[in-house]
């Protein structure tokens, strides 16, 4: 939400004395103005996580030079996994949908108002029903039917489309097909799903019907990274809404949609702003 | 969310012994199957409120006959204000917007998916910027500029358009103009607004900036009936979201949009399903 | 929270036309003033549920006479399971605790302020550590150690104590022992537990540690009736609280306590006010 | 919640390049292990805020030496307001109550379980009714009646008691008297109140009755620092709970108590852990 151009540095490394001093010392030595900074130590794993926003025009060099120097002087000595991104470069997000439109409309509205300041190179669907609204927005719509006999072909095609589109991130906006292990592996840490339950409750199909059967008093939704194991990837964001005995499974579906789209939008924003760092099968989210 | 056709009876009357027995006795005497029923006594005002859903095909007569008999046998003796609506007759909702699209997109998505099973005879706006998406959905878009010198003319035109469109309900979906007292009076109990604060806090302009200045830890939105007094009409629904010191007014605007559209959609649904009964300057909401 | 004495009628029966008319017709015929009423049809099971509060002094007969007449004229023809309770008769609640004091203190404060207008004939514990505060409040404290070799003896003793104390309800206020199937059966529908997770997630031991391991973003608590199957009884109330990556399992335990005591207090109140009707393995809660 | 002894450094200063580097550089130079760190820039006021937890035994000197060196080398050059506290030194909290016991019991339970690891040198009340439970816990109870004619005398006495007790913090746990401007000034930033509304709504007396009259759909509570202006001090924490038309003001009082005690406990904990930094009439809360 900032006007000024800035770089976002996110990193993880083994914990030790002096990490913050070293990182921020490097930045300060070059006159870099830190707009926002967050740090976290996972005391169980001994990993250290950080995220910093640096005002771009306060640094005396460009990003390429920053990368080179920071790698040599800071990242390598600290054995860091790290990345730095530039707020002037828009992320490219490929959206996958099926028939339900609530998450798609929600993302389109956020994109239209520039709240979500991204490129959407294309929307992919296993149905053709949402073509109209997508194309009206000037976004290419690609219909990739998923055959029961040969889902691998569809998955391969999706992979090619994402690659051709130079998609940074793939969003499953209520895409009702299971991705192949190959695609999950190829796009590891870059596929975001919205699952319509408060995981780990009600994994798999028809979670609202499962929730109805169990008689829970709150239902929820979970935004998570997709991994090979169904609905088991690192959780980015969750939320719930209150229901009661008078709500049918169909009512829950309706309430649930509001939670799904909100949780997906929040989780996606955290991801796009490099606020999410994966820590084993969990996430550090610097909101 | 029901499949079967049903009638919704909503009513208010002075409290006394035997109201439920009389109303449900009448329905049972004709074989009417009550799907859902809610009752409420306001012990301060002595008013009694109710809402019942009756399966249409269990009654031996049509709605006109029901109206006549119920009036004579039940409503008049109990001095009732009442109405009965038919689930087979779609409500007609006129939407007013300005430049912000989040509530509009949200309502369109719900209408498109039939979650909101209404007619939208037209969308009215004091700007022309949202014409495209509205017309793409096959809904007429009417641009009614509001002149600084003569807002009365615009208000009169809005009133005519709503009347011509036979609008049951008018939704101010972040419409940033104040309606004239005449229009408020003419459409009393039928205009629903979404205000971007948790009323009664932060009445008037720029509530998120007011919230920022006061340093509150939660921000909210309020769906209410519009009356002559600004932001003071009966409240239908409210909700809040947590913020913290790191959120700028612009961040609050962004978070607030998610609350606004959700609260508006909930409040509108309650209204359209005849779940809201006005009780002085308050509402009874039979969710 | 009413000043006036009232009777609470709660009932379930097979759904058919005219139930409300029949029940409220009986009450109205005797001049009974209905303070509050709620009805619910479970469309899946075809069962019908209701709860009514009737002002005691508007009826021309006492509760015994009400029971006799209502049974013959209404309940039997409708094949009802029903009960009626008198607000002037305090419920008797036996509390079971282990070492943790948060739920106990919370219940004592509510009892002390008469928010919870009950008798507490005794507190039972498998430890002796909370004796002081209980006895200071004038409530008998009974230490029933649970031997590893012979838990059946302790369970039998608890059963005897509850029976001697004429306990209507048993509250497991973080009682960390599993009750025997015999005791569960003997007190079916009368034992309320607070489980420290948002069931059905994290059944069994150390749920906060399970939640930490899975990386969820909200933790919760569940108030439910105790049945033979561990943590699987009908859910009365649930709630959640937001956590993040910086919270250790110990932090979650601390946050969780606030949810536990609130959820237990709400669930217990619903139960004591006869607002909870069991519907298979689910509950109807007329809040 | 940490086992190891640590120091908590909290500070505010004018924003400039290199603050984090300077502070953490000083700590790292002496081998200090940073357990937790948070930073915040207020872009409107240009003030910079921070909080760090440093493992005590990783530093080669004691707190007095740290204070001296840090002041000279870091704090003075940066024009810092700062403090450092030692987790081994318990804070001393004086509690003021009136007749209502819910917040008091809640604080006592947290103190008893060591969740709140503080000293409570005494409880002061304008009534004598809660003496018993306080003294049972081994805490002195001081009755300071507040005369209508001479509240100044009571305020002066409270001031003396707090001073004699070397109270770091004063908690108004539903203390229903207004403190004198002198006392507010003398203990500025050290008195925490719980107000039973979601401020700035419903300032002053009987907020639940105000909320009932306005017909709001959520009620709340606010924990804030006490200043001369009633209910207008910097807000530390807030929360809300859903109500509906069926809730009387007395019901709201009951629901509200649960929010009050939870919000007070959270706000107090943030304050005691030096997580709250005052920024004009707002707070930075490093949760």
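Here the chain labels run A, B, C and D in written order, and each chain numbers its own residues starting at 1.
Just so it is clear, a residue touches a chain if its C-beta (ideal position, glycine included) is under 8 Å from a C-beta of that chain, and two chains touch if they have at least 3 such contacts.
Just so it is clear, the structure is predicted and the values come from calculations on it, not from any experiment.
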Message: Quick check for the class: compute each chain's Cα centroid; which one is farthest from the centroid of chain A?
response: C
Statement: More contacting C-beta pairs: B-C or B-D? The answer is B-D
- line: Cα centroid separation, chain B vs chain C, in Å, comes to 37
Message: Roughly how far is chain B from chain D, centre to centre by C-alpha average, rounded to an integer in Å?
response: 42
- prompt: Which residues does chain A have that touch at least 2 chains other than itself?
  reply: 36, 246, 248
Message: So in the complex, the part of chain D that touches chain A is made up of which residues?
response: 17-18, 20-22, 24-25, 27-29, 31-39, 41, 58, 242
Task: Spell out the residues on chain B that touch chain A in their complex, using ranges where they run on.
output: 1, 36, 100-102, 105-106, 108-110, 112-113, 115, 132-133, 136, 246, 248, 250-251, 254, 257-258, 262, 265
- prompt: If you look only at chain A, which of its residues touch chain C in the complex?
  reply: 40, 42-43, 198-202, 214-218, 220, 234-240, 244-246, 248, 279, 281-285, 287
